[in-house]
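Handing you a structure now.
To keep things simple, chains are lettered A, B, C and D as they appear, and every chain counts its residues starting from 1.
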Amino acid sequence: MGGETVSDVRASRIVEVEEAAAAVKDGMTIAIGGFINSGHPMAIVRQLIKDGRKDLTVVGAASSGLETDLLIAAGVASHVISPYVGAEGFAGIGPAFRKAGQDGLIDIFELDEAHFYAGLRASAQRVPYNPWKAGVGTDLPKVNPWLKEYRDPINDELLIAVPAINIDVAFLHAAVSDIYGNVQHNGTRYGDISMYNAATKTYVSVEKVVSPERIKADPLRTSIPGATGIIRAPYGSHPYSADGYYVPDAEHINTYLAAATSWLKTGDRAELDAYIAEFITGPADHADYLERIGIRALLSLNEF
Amino acid sequence: MNETASPKEVMAAAIAHDLKDGQWVEVGANLPVPRAGALLGHLHHGPNMTVMIAMTKAYLRDTPVIEEFEFITDVGAMQWSEAYYQHDQLLNNQRHRANGVFFCGGIQIDRFGNSNMIGIGSDYKNLKFRGPGPIGTTNATAQNGTWHLVTNSHDPRVLVDRVDYISALGYGRGEKNLREDLGLPNGGPSSIITPLCVFDFDEETRSARLKSVHPGVSVDKVVESTGFSIIVPENVPITAGPTAEELVLLRTRIDAKGALRG
Amino acid sequence: MGGETVSDVRASRIVEVEEAAAAVKDGMTIAIGGFINSGHPMAIVRQLIKDGRKDLTVVGAASSGLETDLLIAAGVASHVISPYVGAEGFAGIGPAFRKAGQDGLIDIFELDEAHFYAGLRASAQRVPYNPWKAGVGTDLPKVNPWLKEYRDPINDELLIAVPAINIDVAFLHAAVSDIYGNVQHNGTRYGDISMYNAATKTYVSVEKVVSPERIKADPLRTSIPGATGIIRAPYGSHPYSADGYYVPDAEHINTYLAAATSWLKTGDRAELDAYIAEFITGPADHADYLERIGIRALLSLNEF
Amino acid sequence: MNETASPKEVMAAAIAHDLKDGQWVEVGANLPVPRAGALLGHLHHGPNMTVMIAMTKAYLRDTPVIEEFEFITDVGAMQWSEAYYQHDQLLNNQRHRANGVFFCGGIQIDRFGNSNMIGIGSDYKNLKFRGPGPIGTTNATAQNGTWHLVTNSHDPRVLVDRVDYISALGYGRGEKNLREDLGLPNGGPSSIITPLCVFDFDEETRSARLKSVHPGVSVDKVVESTGFSIIVPENVPITAGPTAEELVLLRTRIDAKGALRG
């Protein structure tokens, strides 16, 4: 007791992207933060594909973008929990999501964004489900039997029971963090905090690691106060935007879309596999990926 | 009423005319018509509207030209912000929606005002066309005090007799008091707004009824472009498009780049 | 349509304290923000007593302080919904709360702070109740039958159903606001935001009304984005603290405690009624109240 | 072990010794013993503990002298803050509690580790003594991975055979597997820490058992001061109070003003 267990050093939570990705085993449920064309932890997403992860249940954002589409295209996702997979003006519907949904390649957990957060809340609150009103009378409980219509125990009102969406590992991308896992986003935080609260572990890639003093200068900005691990990843959301750092890379996004759409339209994966080889399995690491994008292209995204 | 207005400008005006000062409205990205309609209502007669745009609560009446933004997460839009909205917090709370107005799309919309965002095909496990997913339409159409269906495609494949999957509930199959019996907080959709016309819903049958046709559009054109049987009243008025003042607001401040005229 | 309904001016939401208090009718449910010895909208609390409001259900903070005790002492509250009424080091238990609880003068809605927020969330989410795990096996459902033990519809697990706590009018105190009801707190916001989200109307008294530009300079700080009305009330939380403005007025708090404790111990209301006459019904308005406290006393609270 | 430690310093050390690095602990205001115990654990062997103090998440090992604060809302405490906690957000989320440690008080605590914060008297509508209310004890004792009961009054009126009202559930009336059957996430209280001794709970009967007596306290003194029947093992060790190093931490950095020595 006392003296023998003294530990004097606060541990750094900085990890390499490989270590963060290694927290995921086949069959687990992971969450990917961000919102449509912004704020996705792409360095980690690419690592998961490189690692050949399989049978993952992917909790995409309430509106997820092509990061989720890519995990489907690469065969990593067997289940998707997200109310939307698409890319706004780039593509109304993710092509791999469409292909996989039409051909029954994946299970889609059909739900509204309000159900999505009700399920994440249930996990965060350690209750088996949360009730929600909207959805009664629709076909959602028919196509997704996990959304159960029931009568509430107080007023006998018809409600939807949304089961807890328990996340094994959440992956987010944010602006800055100190080495102790105190993360701050720039501006809005999408639904990232709800994923953190529903997850057993949370790894956050950041544009910049900053001093603890900078975090403490404005503690109200701290959005994730206890990330399991922090990954240094400048341009870590590329080709999607990072608020205040860079805008989406339309050209690269369209390159992916063309490859995935070719799979959707023809059933031939050649273009898609070439994209994956060039930008995911090919590069040795995140910096090598960025080299392939090119500094001129990266710098062109800095104005907005 | 300005005869030169484009169909989408007429749609935007129809949306704006129905908005009341003080209401709460979300403006999505990549939805030019509801965006323009909401902003027109805000600039024209809605100084006290709560406008949720690009993840902020914004007041835009001081902005000479409101640039379109391509992405809902566009940080450029935050120039107008009085508060951020964090998406999970927005969805975790619903009371503000009682005074809200929502515009619901659909890959299919039927005569009873149901919308389908899930997919097309009778076998859910083997859809002919996989849709984008419900996004927030299931909830928003249940919670908002007022809501409309909006489509840019007045086409028999979109405006169908019966949607394959109901992801947002309108009036079901026209059952009496369906929404009340389910305990839903609002009374159902007000209208379907299309590039050709506006439908409302018959009070008895709850089926779509032609409310007005846009300038230059015939009733026959609407009938042949619609996949369901329409209730056509004896007199069908012309949709009130933008006034001259509204058209100036649209063309100089809201849609300077002409997305509605393209 | 069009032209005839044009309204060109954005309405100011600044109101007098009398107007805010007039939103309350006897029998309503009100909420009072803050936390134990801080952040209570006291100018409004005093106005409610002055107005002779009766039979109010008072939703105090998750840990409420003597503002709730005072509303009990003054006969305004007939029901109290709060997991705690006390004053930390000043008094472990509110004396009027004790007296009224022991003598059955009020109904106390017995609950944990987690149930408290579950009930507020249910109101905000427009569901009849929210489920919670903790509380099963305790006596809370026995002394408070509104907390109902039931089996959940998915896993048949024993849970507590916490009914929606619907608030007619919430009253909060914060640092600043613009005239349009965009409120910013200094630092932590206690549970104020949860009350706002559960309320039909929310009036916020603020230390200072600031320009819209100042609010827009840091929109992330906006805590209440749409108050129904804003009351200008410098020292509006006195005798309790306002974060970053002043600390609790220990002397005044002890004056109240002595008066209320005299009622508790003797059953004689004379001291308590004298306190109420001197500091609540006597002063013509908030400034007159502050005059009675004295500028010297107020300025002494400014260092911390 | 330093013989000069006060009973409250011994209590604080008992708390600290049970804390493990990396755990999550809330430090309330006006609870000097659990405050000192948590901070002692943090300074002595807990650099990676998550310390929630005065509505912030704080790291205090760089602070030479940690001043006491009188109010949980004291903004002065925010000097250490790495993040604010907003009280409703803290309570709306519970997963972090799995690794948490909680200290539960009570106006009554019984031999089965149940706590009563509601009131004393058999008629709930006419209590002899109205307590402060459950605060967060009902939930915190259900959610935290580890929890203890703590009282500053080792008195037969506090340590009773059966509490009048259970606001925080320990082991009920000692029923087998009660907590598991109820589906509660933790296994129940670890101990009752008082100014005289530490109790743990017998694995079979779930009733309080004398684990150790504080320096200078006799078993008889404990028995006569306790309102319930105690299980007394053959050998009762002396509570390990603060080491010399810990006492220095307590007296120079954590409790410089001597709240534990008063």
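Criterion: a contact is a pair of C-beta atoms (placed from the backbone, for glycine too) under 8 Å apart; a residue touches a chain by one contact, two chains touch by 3 or more.
Just so you know, these numbers come straight off a predicted model, no measurement behind them.
In summary, the chains found to touch both chain C and chain D are A. The mean-CA centres of chain A and chain D are about 39 angstrom from one another, to the nearest whole unit.
Rounded to whole angstrom, the centroid-to-centroid distance between chain A and chain B, based on C-alpha atoms, equals 29 Å. Across the assembly, chain D contributes residues 56, 78, 84-85, 92, 94, 143, 185 that each touch 2 or more other chains. Contact of a single residue of chain A with at least two other chains is seen at positions 121, 125-126, 132-133, 157, 187, 220.
If you draw each protein chain as a dot and join the dots that touch, the picture is not a line, a loop, a star, or fully joined; it has some other shape. Chain pairs that touch one another, listed by label: A-B, A-C, A-D, B-C, C-D. For chain C in complex with chain A, the touching residues are 125-133, 148, 150, 152-155, 157, 159, 161, 163, 187, 220-221. Residues of chain A touching chain D in their complex: 1-3, 5-11, 121, 123-126, 178, 180, 182, 197-200, 212, 215-216, 219-220, 222, 225-226. Against chain C, in their complex, chain B makes its touches with residues 13, 17, 21, 44-48, 50, 56-57, 59, 61, 78, 80-85, 92-96, 143, 185, 240, 242-243, 245-246. Contact residues of chain D toward chain C in the complex are 29-30, 55-56, 70-76, 78, 84-88, 91-92, 94, 118-119, 124-139, 141-143, 165-169, 172, 178-179, 182-185.
Looking at the complex, you find that chain C touches chain D at residues 35-39, 62-63, 82-86, 88-89, 92-94, 97-99, 101-104, 108, 110-117, 120-121, 132-140, 143, 157-158, 186-191, 193-194, 241, 243-244, 248, 304.
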